[in-house]
Structures are given as structure tokens and as C-alpha cells.
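What follows are several structures.
The same chain A turns up in both complexes below, where it pairs with chain B and then with chain C.
Up next, the complex of A and B:
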């Protein structure tokens, strides 16, 4: 189905693009509604025909995977859900993959958020991943939800020396001192790895600047594609690796499936999204080529005139 | 007085925070100020909510263009506020997590806010396609370099990049499109980003000094004393 889908989609898209190319050879610009239509066809056909591609993890993603993989079982990992529903399709698969990977390795998870919407998204991960796939995981011993705390960088500035000053209770109102995970955790410096996920402010950059670097705690961010270039200056020292956009998430899902057969049948949204993204990218590239052909044709005719 | 007191507060807080970074003994003071900030940040929600209600009620009262949308905004605001404040439908009760499984707030979030926000964000793809078509033209040397880089990154972010160039032998693997994309991000982009970061850092230092010394008072607004 997938192969037939790819062929049909490519025939439709390339046929249409060829017609537009012929039109552009006359030096005319394409109406933006036609561009919108082609992007729609590309995305819709990839969704309808369930087009999926194989992903090979790049080094920068592999480093994050290997870090979680090589941490001794029982290590303390903090995941921060610093994003909102708008960013969710891009970065939420990263959060779910990180949670799966950490729990299968037996790491202790601490979930928190610097964004108000993050707590609801954290609950989604709790329901869809932890409770469904890891019913044996015990709250308070294997994972804990600290929830959202207002204050942006101020929160980080405090938890780097003392969690209890900022979080007297977890998201459920339980006293933090009665939570087993926190018996050995005083501050964010006691974490073995921090996985901030997001693409805005406060987000992964603030985690690197306020906690990772001063506290000497390894940070591996999961980022929306538009902000990934801004975090590259911190790689590989302050950020040991990073996941950029749907592509990064898909690479991680692919690696997780390959390493752990139990996840092969688990829904992998990022891998599914790579189909529409790939076809949309091809359409955009085709339009860039067409735009340049039209531009040069027009330029030549103007010079000729 | 209206301006002098805020300037003094800014100078003292700014100085203490700088002091707390460089001297371990000042660390506690820095944390305390961060806690004060968190308390103020919570109050900002009240101000934000109050402001939202005020603006939209005025819009409805004066029947300004599109005032109908303001009614929808206010209804949505008050329903969400009530549901969240009283934790309606929450299995864990009033003392449980505000987003506990099955709570009405979580249902609103999952079934209304998430699809609406995701849809709005997804629409960007259409505008990006249209903007790329118009902007990426090889008008001169710089624009051509930008165009080539964009092309490599776009291809490198898809499996097609690897499919097209996987015939390249391992010894020349840098020429494979995904690796070229990584090189652009890790070298060319990195150099530019670092330069911007250092520039921004120096700018922040200069701006902070102006604020601490009271030379810049624009944050106090335009009201005269």
C-alpha cells in the first residue's frame, strides 16, 4: 500500500509540477493558491496512503540515545515539558520516546514543566505511555510528576541548589519529602541527565544556561526544528546531543524500535509524520526551482528587450 | 518618587543578583530574589486575566469590529477558569492535580485547545512554501549561497537526501546530503550563531548596566512624574 501510495502521489504531484513548470517557462509567477493546493495534495496523499520512510539516526541524535542507553539502571533523569499544544506534534513524540527509553532502562523519572500548558501534556504522556505501556512502574518510586511552576528562569535558578524551596509538593499535592525518588535528590545537580523539550522561552536554552552548565549536569534537549540552529553552539559541550524537529524525533523512534523489539508495534507519530514532511519538502524544493526558472526567463527576456 | 523608587529597587536587585553569581556567600540572596520573582510572576496571571477581560468587555460594549469574537473569548476564558479553579470532574478531588486523568480541564485541553493550536501551527507549512517560492531567488551571489544551503538542508531533513547520495563511497561520505546538511548546521550556522550570541551577550551586559545605573528608564513607561 505504501509503495503504491508513493507512486500515485509522485505521479500526481510531478504531473502537476510539470504543468506549472511549462507555465513558468513563459516567465510568469505561480499564484500562491496553487502552491497551497500542491502542499495540501502532498501532505494529504502521504497521510492517506500511510507513506513511511526508513530513518537512520544521525550522530547528534545517536549521542542522546547512547547516553540514556549507557546510564546505569536507576539513574535519575529529569524531563521538562516546556512546550504548548502548537508545538506538540513536533516535540511530543520526543517526550514519549524519552519516557519509554528511560523506563525500559529502569531509570527514575522526574517530570516537570516551565510552561503552564506543559502539565496537561505531561498528563497525556502519563496516560498514553506510562500507565498503558509500563503498568508495573510505581508512582513516586519509578517516576514523579512535579507539574508546572511559574517563574521561568527563576525556577531553574532555585532548583539548581534546592528543589524543596520551589516544589514543596508534587503535582498531586503530595509532600515532596514523602516521595521515595526525592530521598536522594536535593537539587537539580543530583540529576544524572536532563532532557528539556521545547522550542520557546523558557526552554532548553535556559536549562543549559541556568542548570546544565553551572551545575555540570549533562543536558540533551529535544527541540522544535526552528530553534534547533540556535542550540547548535552549545553542542557538544553543554548539550551532549540534540533532537531537532520531527526528523530528530523520527530518528529516535527508529533507533528505539531497532534496539527494543517491544516498541516495534507501538505507534510512532514522528515516523508517520516524516512521510508528509518529506513530500512537502519536495514540493517546496520543486517550487523554488520553478520560481528560479521563471525569474531567469523573465530576466533574460527583459535583457533581450 | 513614582520613578525614583522603582529605579532604586532595580539597582539594588540587579546589583545583588550580579553579586550572587560571583560570590558564593551571596547565593542565598540570589535565590531569595528568584523566589520573590516567582511570587510576582504568579500575580502576573491575575493582571493578565484581568486585562483580557477588561479589553474584551470594552470591545463588546462599544461594538468594535469583530466584537462577536470577544464574546467567544470571554465564554472560553470563564468556562476554562471555572473548570480549572474548582477542578470539575477531577477524580482526585479538589486537592489533586489540576490535570488529573478524567478532569474536565484535561478534556478541554486535549479535545479543544490541542487540535486548535496544532491546526494553526500546521498552517505555517503553507505560508513557508509560498514564502520560499518567492524569496529563494538566485538574484546575486549571496542569495545563491543561501538558496543552495536551503536546498541542502531541506533535502537533508528528508530520507530522500540519503537515497539520492548513498552511492557516494564512505571515504567521501561528507558529500552525502544529510552529512552536508549537518556540516552546514555544525560549521557555517554555528559560526554565525556564536557571533550573534556573543554580540547579544555584550548587548545584554551593556543594557543591564544602563538599567542598574538608572540611565535607561524606558521600562517605567512614558508617564512623567
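Up next, the complex of A and C:
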């Protein structure tokens, strides 16, 4: 079904693109809505026919995976959900993969958010991943939810010296001193790894600037594609590795499935997204080529005349 | 009143009701009727908002405007209420009042007088709403601007300036043990010697030429001009990579919404 779907989609898209090429070579302008329609067809057909491709982790993603993999069991890992529903499709799979990987390795998880909407998405991860796949994980001992705190980088500036000054309670209103995980944690410097996920401000950049560098804590961000090129310069010195957009998330999911067979049947949204991504990118590249051919042909005919 | 918009609105409302009923009927039987209709409404309304926002690609329309305003309003209200419960109730009350802590059922820690300063500044900031006392809010704003600048300056200076410069001082020959060793261990692996050397060369040359392009005190001619031209190529490639990533991000969002429409709303695709 999938193969037939690929063939049908490619025939429709190629035929349409050829028609547009001929149309534009005749000197006519193509309406922008035609481009939207083609991108929509490419994405919708790949989603409908479930087109998937194999992913292999690149070095920059593998370093994040290996870091979590090689930390001794019981290490303290902080995951910050610094995003909102607008970024969810590309970065939420990263958060779920990080949580799965950390819990399967027996790390202690501390979940927090610098974005108000991040708390709802954190709760989603709690319900869909932690409670469903790891019912044996105990709240307060294996993981804790600190929730959202307003203050942007001000929050980071405080927790680098003392968590308790910013968090008197966790997200459920429990006194932080009565939570077992926090018996050995005074500040963010006591974390063995920080995994900030997001793509805005405050986000991964602020975590590097306000916690990673001054506290000498390893930071491995999961990034929305839009900001990934801005964070690449921090690799490898200030960020041990990073996940850039849905491609990074898909590579991580693939590596997690490869290493842990128990996750092979778990829904991997980022891997599922790579099929539509590939088809959509082919269409966009085709439009760039068509646009350039039409431009140079028109220019040539104008100079010739 | 024109007939067209009325007919379109009527069709949208009818489709909405039909979808709501179908979704409510398909909810598992163990759920209560009220819960089934609430769930059906939630999915149908989310699908309607998705389609309303996407309709902007065709042209601006009232459905898009409705979805846009609703999003802004709900986001602001959500952030405000969450800010109240997590920051004021969760962080401020435990430090200033045992009575308030008992009222909101949060644990009291101890009285810390300096926690009274932020709410005072907050009230001063709200004076902006007063026609006569608006100028007072400038004090709180000045505090915000001053502390933000003060906090950011040393962090940016360290992480974005000093650390970035030191990250550019890279060896052009990585793990070099002679030409024979280099060719006998030649590999195209990402962690291999050849790729590591090429990576460092690209970083060092790219940074140098990029800076040369922005150096305007000398005319861009000869070797200097060549370095400048190479610098602009590096910048263009960077912008291209950024554009590529942006496209990937936007397509991801489209995939996310289409997956929602196909799976949660229409039930056409499986996970």
C-alpha cells in the first residue's frame, strides 16, 4: 500500500510540476496558491500512505544519545520544556524520546518549563510516556515536575545558585524539601546533564549562557529547526551535541529503537514525519529549479529582443 | 446583507454540528454522554480552528480572524493564570504570609521581607494604566531594563564572545602523525581524521573570511577582496542552511496538523 502510495503521489506531483514548467516557460506567472497546493499534496499523500524512510544518527545526535547512555544509573537529568503548541510537532518527539531514554537507563528526571504552555505539554509527556510506559517509575524518587516558573533567564540565574529560592514547591504544591530527588540537589550545578528543548526565548541558548557555561554543566539542546543554525556554533564546546528540528528527533528515535527493542512498537512521530518532509522538500526544490529556468529564459529573451 | 458569506457560514456551522455528533457517537461506550459530547466538541473545534487558520493561505477571511484572535486571547489568559498559580501562589505567598498559604493550601516556608519588593514593583508597573500616575511605572521599567542588561552583559560576554573566539582557535591538523599515517587511515567517517581536519579548516577560514567581509576600513581588492568574496559565499551558504531549516520546521508543523486531521478527526490514518 505504501509503495503504491509513493508511486501514485510521485506521478501526480511530477505531472503537475511538468505542467507548471511548461506553463511558466510560456512566460506566465504561477499563482502562489498553486505552490501551496503542491506542497499540501506532497505532505498529505505521504501522511496518508505512511511513507517512511530509514534514519541513521549523525555524529552530533549520536553524542547526545551516547551521553545519556553512558551516564551511570541514578544520574540527575534536567529536561526543560521551553516551547508551546506551535513548536510541538517538531520538538515534542524529542522530549518524549529523552524521557524514555532517561527512564529506561534509571536516571532521575527533573522536568521544568520556562514557557507557560510548556507545563501543559509536560503533563502530556507525563500521561502518555511516563504513566503509560513506565508505571513502575515513582513520583519524587524517579522523576519530579517542577512546572512553569515566570522570569525567563532570571529563573536560570537563580537556580544556578539555589533551586529552593525559586521553587518552594513542585508543580503539585509539595514542599521541595520533602521530595527525595531534591535531597542531593541544591542548584542546577548538581545536575549531570541538562536537556533544554525549545526554539524561542528563553530557550536552549539561555540555558547555555546562564547555566551550562557558568555552572560547567553539560548541555545538550533539542531545537526547533528555525533556531538550530543559531545554536550550532556552541557545538562541541558549549553544547555536547544537539538535535536540530524533526530530522534530529527522527535520528534519535531511530537510535532509541535500534538500541532498545521495547521501543520498536512505540509510536515514533518524528520518524513518520520524515516521509512528508522528503516529498515536500523535493517539491520545493523542483519549484526553485522551475523558477530559475523561467527567470533565465525570460532574461535571455529580453536581452535577445 | 450579501448571500455568499451567509451561505458559507451556514455550511460551516452545519458541517461542524455533523462532525460533532459523529465524533461524539464514536467515543467508546464506557464514557458518559456528557463526556462523549465534550470530547467530540473538543476534537471538532480543534479541527475547525486548524482549517480556519489554513484558510488564510487562500485569502484573509473572518474564520481566520476568529481563530487568530481566539489563540491570542486564550494564550494570554493561560499564561496569566498559570503565572498567578506558579509564581504568586507557588513562590511569593510561601515567603510572605502563612494565612495566604493556608488559604491556597501551599506549604509556608518562612517570611523573607525582600520578597515584598517584586509585588511592589508589579503594582508600580500597573500604574501605567492610570492617566495621572503613568510616569511612576517608568521606575519599574527602568529596574527591568537595568537588571536584564546587567544580568545579560557578563553572560553574553563570556559565552558569545570569549568562548566563541576560543572555539575558533582550532588545530588545522587533527591527530596528525605524519602523511603516511594520514593516508593509511583515510576514512570518510564523520569522526575520522580527514573530516575533522576539513571541518576545522572550514570553521577557521569561514570565520576569518566572514570577518574580512565586514571590515570596511580597507578597500576590498586583491587578496583582501578575494577573502571578502569568499566570506560573502560563506554567509550565503549560512543563510541557505537557515532557510532550509526554516522550511523543515514549517513543514513539520503542517505534518503535525495534517496528522491530527487525518487521525484524530477523520480517523483515516493509524499510528
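As a working rule, the second predicted complex is superposed on the first by the 304 of 305 C-alpha atoms of A that agree within 3 Å, B and C clash if a C-alpha of one lies under 4 Å from a C-alpha of the other, contacts with A are read in each partner's own complex, and residues count from 1 in each chain.
Everything below uses one rule, namely that a contact is a pair of C-beta atoms (placed from the backbone, for glycine too) under 8 Å apart; a residue touches a chain by one contact, two chains touch by 3 or more.
Given the structure is predicted, the values throughout are model-derived calculations rather than measurements.
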Discussion item. Which partner chains sit in contact with A:119 here, chain B, chain C, both or neither? Use first/second/both/neither.
Written reply: both
Discussion item. Just checking: does A:22 make contact with chain B only, chain C only, both, or neither of them? Give me first, second, both or neither.
Written reply: neither
Item to complete: Using the touch definition from the top, say if A:11 reaches chain B (first), chain C (second), both or neither.
Response: neither
Worksheet item: Does the superposition put A:237 against chain B (first), chain C (second), both, or neither?
Response: second
Worksheet item: Touching A:48 in the superposition: chain B (first), chain C (second), both, neither?
Response: second
Worksheet item: Is A:269 contacted by the first partner chain B, the second partner chain C, both or neither?
Response: second
Worksheet item: Which chain A residues come up in both lists, the one for chain B and the one for chain C?
Response: 36, 39-40, 43, 58-59, 84, 86, 88-89, 117, 119, 147, 149-151, 154, 157, 166, 171, 173, 225, 228-229, 233, 245, 247, 277, 280-281, 284
Discussion item. Applying the document's contact rule, which stretches of chain A touch chain B when the two form their complex?
Written reply: 29-30, 32, 35-36, 38-40, 43, 53-56, 58-60, 84-89, 117, 119-120, 122-124, 126-127, 145, 147, 149-152, 154-155, 157-158, 161-162, 165-166, 171-173, 225, 228-230, 232-233, 235, 245, 247, 274, 277-278, 280-285, 287-288, 290-292, 295-296
Fill in: Parts of chain B lying in touch with chain A, wherever the complex brings them together
27, 30-31, 34-35, 37-38, 41-42, 44-45, 92, 95-101, 105-106, 109-110, 113-118, 120-122, 125-126, 128-130, 132-134, 136-139, 147, 150-151, 154-155, 157-160, 162, 178, 182, 185-186, 189-190, 193-194, 197
Discussion item. Applying the document's contact rule, which stretches of chain C touch chain A when the two form their complex?
Written reply: 57-58, 75, 78-79, 82-83, 86-87, 90-91, 94-95, 105-107, 109, 147-148, 151-152, 155-156, 158-160, 163-164, 166-167, 190-191, 238, 241-242, 245-249, 251-259, 262, 268-269, 271
Discussion item. For the complex, give me every residue of chain A touching chain C.
Written reply: 33, 36, 39-40, 43-44, 47-48, 50, 58-59, 84, 86, 88-90, 116-117, 119, 147-151, 153-154, 157, 166-169, 171, 173-175, 199, 208-210, 213-214, 224-226, 228-229, 233-234, 237-238, 244-247, 267, 269, 272-273, 276-277, 280-281, 284
